[in-house]
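What follows is a pair of complexes built around chain A, which joins chain B in one and chain C in the other.
For the complex of A and B:
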């Protein structure tokens, strides 16, 4: 028997309904997947447009919500940065569905390895137990682990557009539309809610301090460009006709996607390509670092206080990006409450795609859309067109009427007192020396979404059940 | 009402603002909200001087107050974390640290700075934030377990998480609080549970017992600690599901001996 064509479509349908497929089909699927993955390099080349996703952790219903918000496969190209399994209750269904989609649409979906795609970690954090519970044996777990060993370690996205074509989605109710920059501006960042409504839009400044715009985006003390206070920023930015830096389709560097981060053993992407990846994730070495390390507000490299693992600072990222002609590193691995968090003058971003993590954190999730160079920023019509706010490439200025090309608009982390701006100028002048300014980042559209309504099976009760604890 | 990035304030997480019950002058209240957002986390980091745990329920609390005397005891994440060692003196190391360090030293001698050392296991001996007037005094009177084993109706119950950290997939550290209020008395249990895989177990329980009629409040702090390997060996001799037990402090207690016990009492009149 073989799992191909219509069998595969049947398996996809069954998994979409959150029902596991029979063991022999899993074996067949994993075999097919391995054949496919073995052909992939350690760093998979991916063309924009693509939607980049972070940790899933077995939250199947939220993965379905992700597809609803981001568009279905194969209409949307996806890149998942690992940690498909563990913690959540449906690791099996989540991973097998992604794997089925990979086998069915190999060019439409890219899966790279997270630190949880490992035998050792899955035995402790749930996936092993789940397989045992659902199949009565560890066979399925074993098949999946063999696939883990073949997953790529990273992906390199090329051809991403520098600017977004603004969506013509409505402005979300809670937002004052006058604060949204005009759609004619050079849009660098846009945040949409799950209904495709614009929450937030940031135009690249184009005056003489042109790249200062992206620098204000990285107040190291703050996190994502979504500061805590949606205060007005005052008359920041310049006048209405500010797009003077030529075409909005500037060439941007490539985007490296990796689960954890960088390694002191790796100074070029080619060095990642040389690793022997087809093994269990080792406890040390470059492969381990790529899946485990974290960025931190430090200079250079540091050691985690835990006694294993590296931390890396802004200078490391900027140097690596410069050397490898990257405009951005996208990584996952760390829970971020707002779903995404840009750091180090937007040279690295953490994307987190498991909303209400572990069914109790109450965090939101995000996915990152990169548009296609020279196109309309990858606005692929959604399969569920009536829900998605975008569609079409029209640039009707929508609610942007009063905006007139301001820089920061909503939730800016630059306060009206301008102190943060000074701070960032100072910072950038230090970092800019000798390395040149960071490349213009790609236009980034974040879609933020919440946890899907869960069915009640296995979910913690909303109200705790009284118990006679002692 | 929404936050800047559009996340509604009330999320799908099981949460509630404040709930309370009042019994003979004692007001018992809990608050359960989602994990803190980036802004408040930055603030907390500054105030604490250490990075808070990955999942920080900084708005949550459990509180018992006695209106007639103004006495109170409260449990919140910030005060608990403020008692975590911030110097790195009592810092633990993950199980494979030695192996990792040896390999690192061969390759990267120049990288040796440990970033912001502190007790990243978030071990705390927090016994609650309480008023000193009147203050707890040492006592020999134990919490009357027999009374608590009676199936009296539970009139108020809550289960409040204060913080949790996955120790970068090396185990778990969590501080959580349970409270049950019966017609004549209450029991509150704040438990710190920490498992560092291959290294160590810690269970630190603070129990607060209140007898409403007499105004008697007993606080019992019990710290348990044992090496991972010792527990694993003990469990290997049983027919228990070893991994399952290692995740659950209730059955685990039996295998983790007491290293410290403090018993205190205050009578409110």
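For the complex of A and C:
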């Protein structure tokens, strides 16, 4: 039996309901996917607009929440940076759904490989056991692993706009509207909650006629990155702006997307293109590093405590970006409690898309939208209100076991009652706090969301047993 | 993720709403069959059940080489025990941290007899390991737990020669099956619900004890045979007192430090418990455990390391009251070579999560020196100060 056309749509419908498809269909799907992936280079070219997603880890219901928040395929163009499987209980359904969507809409979804897309790791972290349990044999696991070997190692996003077209969404309740820059400013960063409400907006100071000082005086927006808590701000205008290099509205460089990070063996994107990727992830070497490395506050390179890949510092990133004409590296791989974290003067960002990771960590998730250059037409309001009010907002009861998570209220360190919420991370810890980099970064819209409510939308959702020390 | 945790597809399809799987793998529910129903009973059962959880974690660590414990598998009843790498790492840190404190206590003044009281000991193997490691030290060991847990432990001991050979069976034979207590000059299993120490009235009747008047023991306080009121004593609570109300914990500790022990006896308390209940991870932990009917009343009462130290002082451990989270302990207490050995056992990808997990558990240790006034040797008096002088606490 072949999978294609209406069969494929049927499989997609079944997987969307979190029900696995029969083994023979998996085999067929994996075969088709391999045919498709083999044509892709190690670094896939992707045109903006695109929505960049981090780790999923088998949290199927949260993947559905991601599609609700970010828009469905094929309406939204997606790039997933790997780690589809392991840890969560629905690795199989999550990966197969993404693969089906890839085969059905090859130009609307890009999948690159994470370090968990590997035979060795999946036998430790759950995907192997899950396949065995759900099918009674390891065949499906084997088919999937063969697909893993063909996944691209990275993606290069071009054509992203330097400024966002501001959303016309309402301003989130907890945010004081006076701190949100006007929509006609040159918006570099915008953070929205799951209901499409604006939590934070940051204007780029791109007026090259003004000095930095006069800008900060004349443009209240420039002092707003930390919201209504002036005590948190350093000198005004030292947020994630690139104005100090005096560049005029130049086009943004490309955005490299990779699961882990850089490798000491790779100094150019062309060198990634030369790798032979169609194999199990090796224990060392360039391919391993791309999937395993982490940025860290060090100079140069360091040993990774993970036992694979390396740590790399700001100097490495800046040099690599300059040399390869990149404005930003987007990567996943590390849990960040706020869903995303920009580092090294916004030259690299970690995007994490598994909320309440392992049903235990209490974190929120994020996706990163890059708009299309020129027309700036990339944005379509997407929050369709399917879930009514309350979801995802700062007062949400917290999907699943998450409790009420409001640790991610950006733009404000003040709770609804005016009391400081200690755990609200200062924005600078999320967005970095530097200035002056060679290329204007793309306009970045982060959509932040919490775990899907248990038992949502009638899908089977088991309350998982997260383990603790007892 | 252990295989047992991955939901069986067929089960899921059959019971859409999924409630049927909750609490699977826990259990020992039958033990409460004789008690009347009610939420307290369910909670007690859940707390009792936590012990097999710990036993399984220990076995996982032993099998993978994290810990050297020949006895762990003899107590575990769970079939599938392999835990995730980060849980193994956490169990390793927890066990080796407490081992370090206990070892320092036993090594200082090696000829002095010592006493250890392990609260909620469950299937803990420490007594048996210490017998091997300190064959010539006089250790008077006590374990206190629910009767169901002590009875199960006795049964395990009865079944395995490796275990009962460590007891003084020639003079102190094992009690008949169904018994839940065992007493001897080396090892004692006390079947006791610690809360029974808090329900006794503080009426005035007192005859034999030398306790101060305001802590006059009531006649109803249970006997703890062989507990020596004068030996330097270490009290151990690994995830035990956390399940009780703060006031109850305070009363229980006070009963030990002033009634069961003479107030002039050097004494100490080691706590291993979670901390930081108010951040996102902590809130999720509380909510997740609540679905298993596990509640941690003292967690909210002592949310941070500073609260743990203050609490130890309040209990009267004024000579030292220290604490460190397990992330600190991994970093600072474990030698570089040992770290390298442990890191090499399994590939551990979940570093950020491990970090989160380790920062949410702490070891707190407090001690009081003995009375030095006129007694025989005052070297005895500061045994804990001596033993733990060099143990690094978190700043």
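Note that in this section the second predicted complex is superposed on the first by the 347 of 470 C-alpha atoms of A that agree within 3 Å, B and C clash if a C-alpha of one lies under 4 Å from a C-alpha of the other, contacts with A are read in each partner's own complex, and residues count from 1 in each chain.
As a working rule, contacts are C-beta pairs under 8 Å (C-beta built on N, C-alpha and C of every residue); 3 or more make two chains touch, one makes a residue touch a chain.
These numbers come from a predicted model, not from an experiment.
J.: I'd like to know which partner A:20 touches here: chain B for first, chain C for second, both or neither.
T.: Touch status of A:20: second partner only.
J.: Taking the superposition on A as described, I'd like to know which of chain B and chain C A:284 touches: first, second, both or neither.
T.: first
J.: I want to verify the contact counts: of chain B and chain C, which reaches more residues of chain A?
T.: B
J.: Using the touch definition from the top, say if A:121 reaches chain B (first), chain C (second), both or neither.
T.: It touches chain B and chain C both.
J.: For A:356 in the superposed arrangement: first (chain B), second (chain C), both or neither?
T.: Both partners.
J.: Now for A:133: first (chain B), second (chain C), both, or neither, which partner does it touch?
T.: Once the two structures are laid over each other on A, A:133 reaches chain C alone.
J.: Let me test your reading of the model: by the given contact rule, A:468 touches which partner, first (chain B), second (chain C), both or neither?
T.: both
J.: Counting only touches as set out at the top, which of chain B and chain C does A:174 meet: first, second, both, neither?
T.: Only chain B; A:174 stays clear of chain C.
J.: Is A:89 in contact with chain B, with chain C, with both, or with neither (first, second, both, neither)?
T.: second
J.: Same chain A residues contacting chain B and chain C, which ones?
T.: 115-116, 121, 124-125, 129, 305-308, 334-337, 356-363, 460-470
J.: Sort out for me which residues of chain A touch chain C in the complex.
T.: For chain A paired with chain C, touching residues are 19-20, 86-87, 89, 115-116, 120-121, 124-126, 129-130, 132-134, 305-308, 334-337, 356-363, 401-405, 407, 423, 455, 458, 460-470.
J.: Show me the residue ranges of chain C that touch chain A in the complex, using the header's touch definition.
T.: Per the touch definition, chain C meets chain A at residues 1-3, 5-9, 12-13, 16-18, 21-25, 50-51, 53-54, 57, 83-85, 87, 90-91, 94, 239, 274, 278-289, 291-292, 294, 343-344, 346-353, 356, 361.
J.: Can you list the residues on chain B that touch chain A in the complex?
T.: 1-8, 11-15, 33-42, 54-55, 88, 91-94, 96-97, 99-101, 103-104, 107-108, 111-118, 120, 145, 148-149, 151, 154, 157-159, 161, 167-170, 178, 180, 187, 189, 197, 243
J.: What residues of chain A sit close enough to touch chain B in their complex?
T.: Those residues of chain A that touch chain B are 115-116, 121, 123-125, 129, 172, 174, 191, 193, 197, 199-200, 221-224, 226-230, 264-265, 283-285, 292, 296, 298, 300-311, 334-339, 341, 355-364, 410-411, 448, 450-451, 453-454, 460-470.
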